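Take this structure first; my questions come after.
Chain IDs A, B, C, D, E and F follow the sequence of writing; residue 1 opens each chain.
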Amino acid sequence: MFAHNKRLQYTVRVAQSNPGLANLLLEQFGGPQGELAAACRYFTQAIAEDDPGRKDMLFDIATEELSHLEVIGSLVAMLNKGAKGELAEATMKEADLYRSLQGAGNDSHVTQILYGGGPALTNSGGQLWNAGYIDTIGDPSADLRSNVAAEARAKIIYERLINVTDDPGVKEALGFLMTREVAHMQSFEKALYSIEPNFPPGKLPGDPKFSNVYFNMSQGEGDLRGPWNNESTFEVISERDEQMAVDGGDGLPTVKLNKDELAAVQGMAARTASDLASDPETSADRGS
Amino acid sequence: MFAHNKRLQYTVRVAQSNPGLANLLLEQFGGPQGELAAACRYFTQAIAEDDPGRKDMLFDIATEELSHLEVIGSLVAMLNKGAKGELAEATMKEADLYRSLQGAGNDSHVTQILYGGGPALTNSGGQLWNAGYIDTIGDPSADLRSNVAAEARAKIIYERLINVTDDPGVKEALGFLMTREVAHMQSFEKALYSIEPNFPPGKLPGDPKFSNVYFNMSQGEGDLRGPWNNESTFEVISERDEQMAVDGGDGLPTVKLNKDELAAVQGMAARTASDLASDPETSADRGS
Amino acid sequence: MFAHNKRLQYTVRVAQSNPGLANLLLEQFGGPQGELAAACRYFTQAIAEDDPGRKDMLFDIATEELSHLEVIGSLVAMLNKGAKGELAEATMKEADLYRSLQGAGNDSHVTQILYGGGPALTNSGGQLWNAGYIDTIGDPSADLRSNVAAEARAKIIYERLINVTDDPGVKEALGFLMTREVAHMQSFEKALYSIEPNFPPGKLPGDPKFSNVYFNMSQGEGDLRGPWNNESTFEVISERDEQMAVDGGDGLPTVKLNKDELAAVQGMAARTASDLASDPETSADRGS
Amino acid sequence: MFAHNKRLQYTVRVAQSNPGLANLLLEQFGGPQGELAAACRYFTQAIAEDDPGRKDMLFDIATEELSHLEVIGSLVAMLNKGAKGELAEATMKEADLYRSLQGAGNDSHVTQILYGGGPALTNSGGQLWNAGYIDTIGDPSADLRSNVAAEARAKIIYERLINVTDDPGVKEALGFLMTREVAHMQSFEKALYSIEPNFPPGKLPGDPKFSNVYFNMSQGEGDLRGPWNNESTFEVISERDEQMAVDGGDGLPTVKLNKDELAAVQGMAARTASDLASDPETSADRGS
Amino acid sequence: MFAHNKRLQYTVRVAQSNPGLANLLLEQFGGPQGELAAACRYFTQAIAEDDPGRKDMLFDIATEELSHLEVIGSLVAMLNKGAKGELAEATMKEADLYRSLQGAGNDSHVTQILYGGGPALTNSGGQLWNAGYIDTIGDPSADLRSNVAAEARAKIIYERLINVTDDPGVKEALGFLMTREVAHMQSFEKALYSIEPNFPPGKLPGDPKFSNVYFNMSQGEGDLRGPWNNESTFEVISERDEQMAVDGGDGLPTVKLNKDELAAVQGMAARTASDLASDPETSADRGS
Amino acid sequence: MFAHNKRLQYTVRVAQSNPGLANLLLEQFGGPQGELAAACRYFTQAIAEDDPGRKDMLFDIATEELSHLEVIGSLVAMLNKGAKGELAEATMKEADLYRSLQGAGNDSHVTQILYGGGPALTNSGGQLWNAGYIDTIGDPSADLRSNVAAEARAKIIYERLINVTDDPGVKEALGFLMTREVAHMQSFEKALYSIEPNFPPGKLPGDPKFSNVYFNMSQGEGDLRGPWNNESTFEVISERDEQMAVDGGDGLPTVKLNKDELAAVQGMAARTASDLASDPETSADRGS
């Protein structure tokens, strides 16, 4: 069960109204690397997790991310508060209104016209948040890797936002949020390493014929070797013919059809065939 | 530039029509962990990558994922081929048609009625693919972590699909695709480790006051310690009061408004306030 | 700031595995009338709300909805737990597996194959949750009406789910959640009525020429009068000619173009006109 | 059946080209509170409604909303007409083109580059309209409340748009559309009150133990009482312990598994457990 | 302006309840080739069209498609009517309820649990309608081709639905709707041919060096010639080297950076380079 | 199987950084008429196509579209390269940063903050690409028409982009891509004409009573005749009464309910009826 206290996890002090900056900060409220996505990611994992230790960790961090969502949302609300009042009261001069709607370097009309200055569950470009951002699949060794990556991405977005802001209170709050992503990243890595074995994820082993092969599919100027395909780990296959039909077959798809199916497929093919269909060379449809 | 050869990377041999199974396999054609998502992920990274070695690797793997997309799509097409012909020719008996539309354990009408039996860019539940599945953000140390996680997730989904199939040709082709995810995972990990330093991602350091703190936000029965919050790395904070306003402030959001803004905000508040607003205790809006 | 306690707001007791029912319950986890939508709706309003009383209420209810999300998610996890284990361990017999994937009366493969049995942020049909479900616009008299309506809808969905379930523990937990929607509905109504005036929402008055008119746009058999258009409140206009161009103009759209714009528009029109364009009768484009 | 007359319901007179304003107006063409959403909402309800009176009202208003969609779309087309011609004919000077694409205070490139100046089914931020905006669920007492709220929201958006416009013809047309929302709101309220009883919606009564309880989930400075939780209606529960497991149970989720399920769950747990799993204290998974 | 008459364009006579069939029919209510998509497509074109003749045609057909939307929606409502009542009244036996929710060969729970039996703006798989289905771009010669194609697709979907139905009244109504798509297809083709010239669309001519070239990008077994690349129209280029860098350049991307940009790019590259970056062979980043 | 060569199909030469232009070009990278949509459209058709000639053509063109995706993506990457470096290194002056984020005439923050300057799978307005843009349905005569239309739309978008650019290298590359759409359009038209018969698509004939009727649904000033409804092909029906219930029935929807269903429907109606329900005139619900 959740409980709420009105004090934020980090005090929000905004130096002046700035709807344009508010709009950029929406990226971490309703964007793909934002705090709602983080909270939903860990919360859905926590509920289904069977290991009590990891379950506890996932609830700890999910709850903190909800508290971060409140911090970033409060930043947005404070940055918009002046313009919100002036729009609602229609006291703003027209030129100022246009300036406000345009913000500093980007569109802020989304939060003004549509959402009345409140934090909206969109990214900074107005794209609605959707659950396609959540990649939980219910396997701990996969989900923990997803969590590590998600924290890394969130850290970078906070860094970019800090770089476009000079309001000291905003910078400081964003710095706190950025730091916490690093801390969470460490926790998830340590949880991952405590699973033995954790590679490969799941139960089924890979087919040894293909698990240490590197297919050099992109060739030409700039075809390089590196740690990702060096000799000690990988066999590199560059010959185009050896990259195809690697099972030794003919590389063509086939299905066994029963008599009724075959008749129907042939009827359909005859009906919509191009004028090549009468050409014996082209009528050997390997699919049937 | 891409070139195409009509031979598949792996030969597809389907033992009999099975629209229900075809539908499940759509998960890896147009689903979030599927091959289109993988190809788009690495391709968008490859184009923007500045390091020539990683750029080469990303194009290698993106191109292979496109070839996998063709394999999984061909599996779907073969599994649907019989039913497609019978639907188009209306030769199927009604009872069989219903059976076909229902498939084996799930809905296959999506691929039949809507897409005519071809592979559709949806997941196995009919949800349209969308680019929210792609988490590329243009920072190598973050993107490589995302790639490792994506391969881990794809490996698990292939494992689940193999477990619900007994067609030997389908199992074999899925086994190949699953194995390749493991190989790619290794390449991405090695590429990540070759970046020094790679932790934390980006340039800005975390704030040392908060980077090794673990906030124990979820408490009660089952509140455990583990590698993710052990003493050697983390200071664990469990006191509720110490979890709030960790900057030492009052934990409340504020913004400095100019005179016009303040007047407008007060006007708006007066107009929509609840009947509590006249109560001095409640009118101290800390936000203004 | 949020805190979490591992005890649920309501104890979840599931009598037996039932992945099909789990899937139906997703409707209130990641569906449009579900608990995530409710929590996000009130949380976004709470952050931007300027009245301290309503702000407190919105945080109270948002926090309770998060706790409900945990209850419904736990129901899903318990209903799926058996099948999840058997799928992961591949110990299920094939026939049982198909039965499990098909569930009782609907597809459950979504939560099994895709999400590994955990609660997913989709509705019961697999549609990803998206923030288009949230209709917060930042005006209290509108938002409170939206909240009343949202609680009414959620109440109905819970009622339908209770009607398709006979697991006593599930029925009881759903009954609690349904009851709470009714309680919240009352709170929101009382908060709305405490705003004076609350009709019409906003500041601008309607144009009295049109604010008590009822346009009878649908006619024919079944054209009725009722409380929504009775004489004491409304003037009903049924004459088709009086329904058009009610401002007294000609009902056609016009714009004043400058000289350059006019020339360009005429050039474009000439280039793509149909063969009627040379007919003087049809070339009088009222739009220019 | 629908019929169309070329005269608009309200004459559209635009004083000069203004692509930026056109873009803002898209909010009510293809946005969540816009006229397409309104028309679809009432039209879907009308078709399924069993009461002939309400059915008639819903068709009346749905048809009027379609006519409003035509008005707002015509406003967009007229505001864009000059720029559309100049873009198509490439007669605009580059500086003017940039100005036009930027519009007055927001991006208008969406309607220019993508849609050629026509009204697009997006909101003012370019977000595609989607049916998640429609909350029809097929129960009159819930749907009518949703309709009242939708009209309230639309009224506010029109008010905001009027406040950012000074073209008299545009203001006047928007004023008409705004007024009609108020009229519709009245009709829906009267239709709702004519259903007896209309509270709570649906058939199932709430559980009296919980229907008049108010859980005070958000505490700390600013914890207030108000009409939404006053004594005459509600019992307020503030003790954290009394907010948890309100059914009197232990607040933990359980499911009864059969023998096969239990074995599989235990196998899975053993395989992916963290190093804590061997610790007896943590292995008591209450979920199984 | 639109007007509505309660008589449908085509009488709907349903022989018996069939929620499964209702669900399939949703494909043409809220699916990509359905009647809402058709109506929105032609309506958005009509509003922006400058040619009065085509404008009239587009309004004619848009209005008819709205009337078709009403027909298909009424079919869904009638097919669901029995089950809707039994669910709402909880009078259905449990076994029958499950049968009803499962429908005949597909899931019908979407229309029952979620939408209460009314027609929903989703396709037959539950995917929400979205405006991405509309491809209007505001150029008549392109839009008319899109319209022809849309009618062709809709015709095929109706044909498939007719093939899975044996209710004579449903078949007849679907046959009418299918026939009208063919009639509209003819009108759009004739409108397209009346534009001279209509190929290529737009004003800019293609580059003659590339406008009659056919790049044979897919090679291997099954590499055929046909009307689409025959000698009289096309020059076929099969040599891989001649398919690359067809402008005669080196096929690599370059941008001229100013001094500050160059310094920043080099700094970034140094920071995140893999261990190959110190290798002179690989450090020649052509992009800078 | 796909192979990749590092040389582009067309050399990309960008004269200077221009993030605003980069953002506009995203329209053809991740927009509805862009190259990913084109490649996915033809690729999905190719896999399911049974005719070997058309299959070859579809793979040829799909592969070329992937190569175009690489060209347009490389244009975006080069235009963003300078700003990307400066943002990552935080070396840009604040004023320049704002200018860069605002771009030339539109928002470029999407590609900077969110995606780090790389090409993103969004349109120029930040809308995520989704598979609703793909209209493949698996019938050649319909799909080829869709392909012709898609190429026509893409041609127009390229033309608009060329008109807003004056960088000679960008104009030249866009000109190549535009030209290729024209070439593909020709190939698809020729492939369509080689199917005999290709009209109407599919197998079922239209109902001759309705296949050459034109319903004049939009009337009033501007009601015209044209090639789309001329006498030689069409019978035009303008009488409103003749447009309704064209089958000769009463135009009302009916369903035969069994006894249990009827009882439930009547119970539900009684419970939620408006106060009109007791009025015999209005209780004759034709739907039951």
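Note that a contact is a pair of C-beta atoms (placed from the backbone, for glycine too) under 8 Å apart; a residue touches a chain by one contact, two chains touch by 3 or more.
Just so you know, these numbers come straight off a predicted model, no measurement behind them.
Simply put, of A-D and B-F, more C-beta pairs touch at B-F.
Note: centroid distance chain C to chain E, computed from Cα atoms, is 25 Å.
If you average the Cα atoms of chain C and of chain F, the two centres end up 26 Å apart.
Annotation for chain C: residues 1-9, 32, 52-54, 56, 59-60, 62-63, 67, 74, 77, 84, 88-90, 107, 114, 116, 122, 125-128, 130, 132, 137, 139, 141, 156-157, 191, 194, 203, 217-218, 221-224, 226-227, 240, 243-244, 251-252, 265, 268, 274-276, 282, 287-288 touch two or more other chains.
Contact topology of the protein chains: fully connected, every pair of chains touching. Of all residues in chain E, only 1-7, 50-54, 87, 90, 94, 97-99, 101-102, 107, 109-110, 112-114, 116, 122, 125-128, 139-141, 191, 194-196, 203 touch chain C in the complex they form. Against chain F, the residues of chain B that register as touching in their complex are 1-9, 30, 36, 40, 43-45, 47-48, 56, 59-60, 62-63, 66-67, 69-70, 73-74, 76-77, 80, 84, 88-90, 114-122, 128-132, 134, 136-139, 203. Residues 221-222, 224, 226-227, 252, 274-276, 281-282, 286 of chain D touch chain B in their complex. Interface of chain B with chain C (complex): residues 24, 27, 31-32, 104-107, 123-127, 156-157, 160-161, 163-164, 166, 217-223, 240, 243-244, 251, 265, 268-269, 271-277, 282-285, 287-288.
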